[in-house]
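Take a look at the structures listed below.
There are two complexes below, and they share chain A, which is joined by chain B in the first and by chain C in the second.
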Partner chain A sequence: MNDMRVLERDVDTDAIKIAARGVQVFYGDNHAIKDVDVDIQDKTVTAFIGPSGCGKSTFLRCLNRMNDTIDICRVEGNIHIDGEDIYDRRVDPVQLRAKVGMVFQKPNPFPKSIYDNVAYGPRIHGLAKNKAALDDIVESALRRAAIWDEVKDRLSAPGTGLSGGQQQRLCIARAVATEPEVLLMDEPCSALDPIATAQVEELIDELRQNYSVVIVTHSMQQAARVSQKTAFFHLGNLVEYGETGTIFTNPEDSRTESYITGRIG
Partner chain B sequence: MTDATSSPMPAITPVSGKGSLMAQDARTRKRNAAEARFKAYGMIAIGIGMLMLLILVFNIITRGVGAFQQTFVTLEVELLEEKLDKNGNRDPADLAKVSTFGYAPLLRDAFEAKVAELGVETDLDGKDMADILSAGARAQMRDFVLANPDQIGNTVSFEFLASGRVDGYLKDRVSRDSIANDKNISVEQLDLVDQLIDGGTVEKRFNLAFITGADSSDARPESAGMGVSMLGSLFMMLVVLVLSLPIGVAASIYLEEFAPKNWITDIIEVNISNLAAVPSIVFGILGLAVFINYMHLPTSAPLVGGLVLTLMTLPTIIISTRASLKAVPPSIRDAALGVGASKMQSVFHHVLPLAAPGILTGTIIGLAQALGETAPLLLIGMVGFIASNAPDSIASGLLDPNSAMPAQIYEWARRSDPAFYERAWGGIIILLMFLITMNTIAVILRRRFERRW
Partner chain C sequence: MALGLTGYVIVAVLLLTVTAFFMARGRANVSAGGDIRLLHSLPNYYGYNAAMFTAVPALGVFAIWMLAQPLMIENSVFKLIPEQMVSEGSSRGLVMSDVRRVAEGLDIAVERGALTAEEANSIRTEFRDVREILGDVGVALGSNVEAEVLYAAQEYRSRSASGTFGMTIVVLGLALIGAAASLFVTNADFRARNTVERGALVLLILAASLAILTTVGIVLSMLFETFNFFRMHPWTDFFFGGSWAPNFRGNSDLSILPLLWGTLYISIIALLVAVPIGLFAAIYLSEYAGPKVRSAAKPLLEILAGIPTIVYGLFALLTVGPALVSVFGRGEEGLLGVEWMSGATAVLTAGLVMGIMLIPFVSSLSDDIINAVPQAMRDGSFGLGATHSETIRQVVLPAALPGIVGAVLLAASRAIGETMIVVLGAGAIAKFSLNPLEAMTTITTRIVSQLTGDTDFASPETLVAFALGLTLFVLTLGLNVLALYIVRKYREQYE
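Coming up: the complex of A and B.
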């Protein structure tokens, strides 16, 4: 695409963090995800792209079992994180979600103070032994989310009073405060203006140092800018998965080519 | 662009086939007329509603406000030792032997002395003069003497309630014409009252006893009060609050957040909605059958009344709690689950605090509804006649027989003496005050805590 940076970037590591085999998702009678196999690498940004309703968000929500909250949703197949089947009976989804954090499409800070927003996760997981340790966790999470300088003087102000971009970065800080290993982002910039989007994208690139990030996006430019790996979904199928540069410059499948050139979507 | 705005408006001759915007076409006129008509209907409907409300409030106030005033007679009574304590040793047992009849001569003497002092001319003897007082006057003296034996022999100033007829005379309810066939009062007595008013002995003023006092027998409407039934209502409301709030909120949280959506929960949901529409008298019969006949709880007790009203209030609380839980945006739940909170943590840490104002509002409105409910109370006998003041009458609170405010109003409205009719309206004013206060609190809570996300 027009941003050539993606071509120069290497994938840091080949270690596989998440492995999915034969994943099928049903909403009642609707077959939303059809037999998806994918390997997601550690310390890498992986983008899921595809037209609306193609199942990319649904698949993302399988990775931390958020689909469990939907009664009619049924997941088949295997998803392993660090070699452990997350749909095993012994796995508690609550523990899983502490390991696999999530940032949502619409910024959704709790109607509490900025401090409490970030401190909530560490508190319920008992990550801080005392107030000082909690303060440190909150500060470092806000720093990693690149919002510390903007909010350090008003930590007790309500999180809902921030601007849209700041709220989304606060939500990212909240997600990283629990020290997850994987960060799922469901169209994190769709409610943001271009400046806020740029800030969040920059942030995603930094988060790659510590986490494996999976991002769902409608914007192909965004996928090209932030990700190293891209997966293209279409009508519930994983059509093509590979290096971002390859997908955008030399797609194998004609459907991928049609989508990235704007003929379907 | 800036140049264009400062240049004069270009003159353009209209060529459009749509015609001028300055004149309305037939369709627009029709549409506007329909809208104006609809607004007029709405205003008429609101006007009728407001008018009815005004008439209602005006009626209640004009008829009921009299109950808050009462006619008092101030008399100096000499507590003669030879009548009250023949032995002179102030032995409480001896003092108690003198019944209220023993105090009648003291009242007669007091009236005769007062008449002589004011120079009032009357043909009435002392006994007839004492009849302008409430039948409770002698009991009032006796209670005073038993409580203060050292006052025997002194002259003490008492404020007695005037009889219901005399009180009615001062409130224009009773006139010389209307008592033609009345054996309880005579024209001569009214003449005496007129002169005593001039002498400052009889006067009408605010009567706290109506708000704090107990009910009285048919013969003494002047001393009847709402106080004890107010306590009965208070005890019932405590029972309702303590039972229906936790049960209702727990049921709603389970149904809304945890229960699987299947036909069983559908049936439960439909039945809760149906229960909210069940006539209250049905709950009364249920309470009679279950709590009194089967569980053998005491009749007329606020505990039973509270249980019955709890059954009645539960559907209201459950429905309003579920509505306020539903109103909390799902993104808040997702956010909590996303950082690894359990279902229960997400509900108790995030959803419930946001739903709390709605839950409180629903609870208060449910309580207000229960407070004004009469029919089920009649069936379980919550119309106890409690004539002695608190705390004697209701010492054990939940299990002693009692009445409730609406039941007390109903009782008074049934009695024949028009003086009770006035008190029924006065009782309605008190009840309405409670309801308005509760609803105001509900509105304030909603305003203060609404929409913080």
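Coming up: the complex of A and C.
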């Protein structure tokens, strides 16, 4: 029966990067995600919106198996990235995470220099043959994160000494330095001021050229500004998923409408 | 007479305090007409306020008086004793202890009815054998009571009695004045709560400053004796000399350097044992162990910290030492067939056991510090595709490093100051040697041996203990300050 459903809903497989089917997540006895199916397209920004505690961050963390680091967490169902089941026993979650980068809610640069922060991933995965190659990777990552001009003169300064917005862009640079295919962002702007938020949003739009970006956000304006697809979660259910324009102007489900008009939240 | 006058004074003050509490509370209630909402503070605060003013000044003066009175009386009574009595091969302390003993004897004699109070004050050695009278009531004296001593003892008694009487008046008076004054100010508008709060604050400050003053006192007494030592012994020999050879007939070599070498050598071995094991244990407990293992293993590890160091010392002497000898010693019969180690006491023995003692110290502190590294750091590293051990090596440990260094320094200062393990396990030979299988000695061991035994307290051989102690104190203080500075600097990073 499960297979039937997969076939039924597998549409337009060329452009689909991540396909999730029947995903259930339990934290101990708490049923946090209930039977979620979703297809996330390549080179698209997909926004997860929903009230606090609706499971959107939990679902995001399933996509790179970050939930594995939590002892009491249990994931059921299938998630395929490029057709490969990431919860298959043969898949190494460590390698998966190199392919599916993640940016967190609070900027979390390591207590190292700016250079070492960005070089961390490439060094672990042996992406650079020599110092010059590593320099190139660091520079291009910092450029892609639109922070190169601000830090190029102080690459050896500690990453923790930057401002909040700079720190978050440094974390994005750190994530893109490992050349991921998917970039997961968990409320990346919630700790930032409006100017830094605008910079990061602009950056997200640029990142769409190369990556499939999934962003969890509390701000519906932000979802409307940066995303092409939007998924609305409520109480662990995926209520509605579609074109961002459609979700915000003409939602099908009454709960989606209530949320975007501010009646539930 | 079961309590004595001073006992009755305390009971009286406590009774007054309780009475003042209830009277002030009642008065406050009355002044508000029974409606406690009209009072500035809850009725109990008025009671506490009155109790505080009754008890605190009275008991404070009582305590100071009890400390000061014997000193002042001894000083004044000592002047009554002729000079030559003191100089005849005895000291002021000895004569005064005679005086006190005779005075106590007279007290007991009066109590038992062997003498009347009149007689006790007027008795003279010329007419009666005081030693015999006192002997009859159970106070044995070493020699016949001399006239001057008896006279001084009688003076001592009478001055003590009048002093105690004066104290009774003053203390009870203060308690009464305090009670009356606090009752007088008790009315609905009086801010009793604020006064009580301030009183509590003063109490806390007193407790804190007492702790600090005691430390200062200890340091000062050490300093004083150390100066005495350096007056008798050249400081150049102490700090820069090459050997430690105390000789109780004088002319000793008293250099700290061989002892310092032994201390540092043993401490380094202890840290070489404790730091890797403790740190790895901390990493396992904080990063890998599940909650069940953690809740069982952590207390177990900390039990090691609760073992008295003398037990570790016995362990060193009876278990570790012989075990090492069976490996490195005994010639043909030994495990390695070598004859490198002759006795159980050696640097290695003490160092190993001290290292075991320090494991929980290092692991517990490091565990706290590793746990203080924000989870966001680990998530960030995992999110980049790092494995658990890469995350620990490259992110968690560097972030925790300053704190871990602080923990190691604290452990080092414990090791340097440790006494019992080295007394039993390290041996008693002061020398410069690199061989860890030889017996050596440490600063703490020498302090113990210089101060135990029948020695003159005014010789450099004894007083050197204070100089050693002060050096040790400066050393561990320096390490502790450095450690605290590093730990604190690290803490600020994540706040």
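Simple rule for what comes next: the second predicted complex is superposed on the first by the 251 of 265 C-alpha atoms of A that agree within 3 Å, B and C clash if a C-alpha of one lies under 4 Å from a C-alpha of the other, contacts with A are read in each partner's own complex, and residues count from 1 in each chain.
Following the convention adopted for this analysis, contacts are C-beta pairs under 8 Å (C-beta built on N, C-alpha and C of every residue); 3 or more make two chains touch, one makes a residue touch a chain.
Quick caveat: nothing in here was measured; it's all calculated off a predicted structure.
Aligning the shared chain A places chain B and chain C in steric conflict. Touch criterion met: A:Thr69 reaches chain B and chain C at once. Contacts of A:Gly161 after superposition: neither chain B nor chain C is touched. Using the contact criterion defined above for the overlaid structures, shared-chain residue A:Pro111 touches chain B and also reaches chain C. In the superposed model, A:Tyr120 lies in contact with both chain B and chain C.
Overlaying the two complexes on chain A leaves one chain B stretch of 114-122, 186-194 or 420-428 clashing with chain C, which is 420-428. On chain A, the surface touched by chain B in one complex and the surface touched by chain C in the other have residues 64, 66, 69, 71, 94-95, 97-98, 101-104, 106, 108-111, 120-121, 124-125, 160, 171, 174-175, 178 in common.
For chain A in complex with chain B, the touching residues are 64, 66, 69, 71, 94-95, 97-98, 101-104, 106, 108-111, 120-121, 124-125, 158, 160, 171, 174-175, 177-178.
Across the complex, chain C is touched by residues 64, 66, 69, 71, 94-99, 101-104, 106, 108-112, 120-121, 124-125, 160, 171, 174-175, 178 of chain A.
Those residues of chain B lying in contact with chain A across their complex are 260-261, 329, 331-342, 345, 349-350, 354, 452-453.
The residues of chain C lying in touch with chain A in their complex are 290-291, 374, 376-387, 390, 394-395, 398-399, 493.
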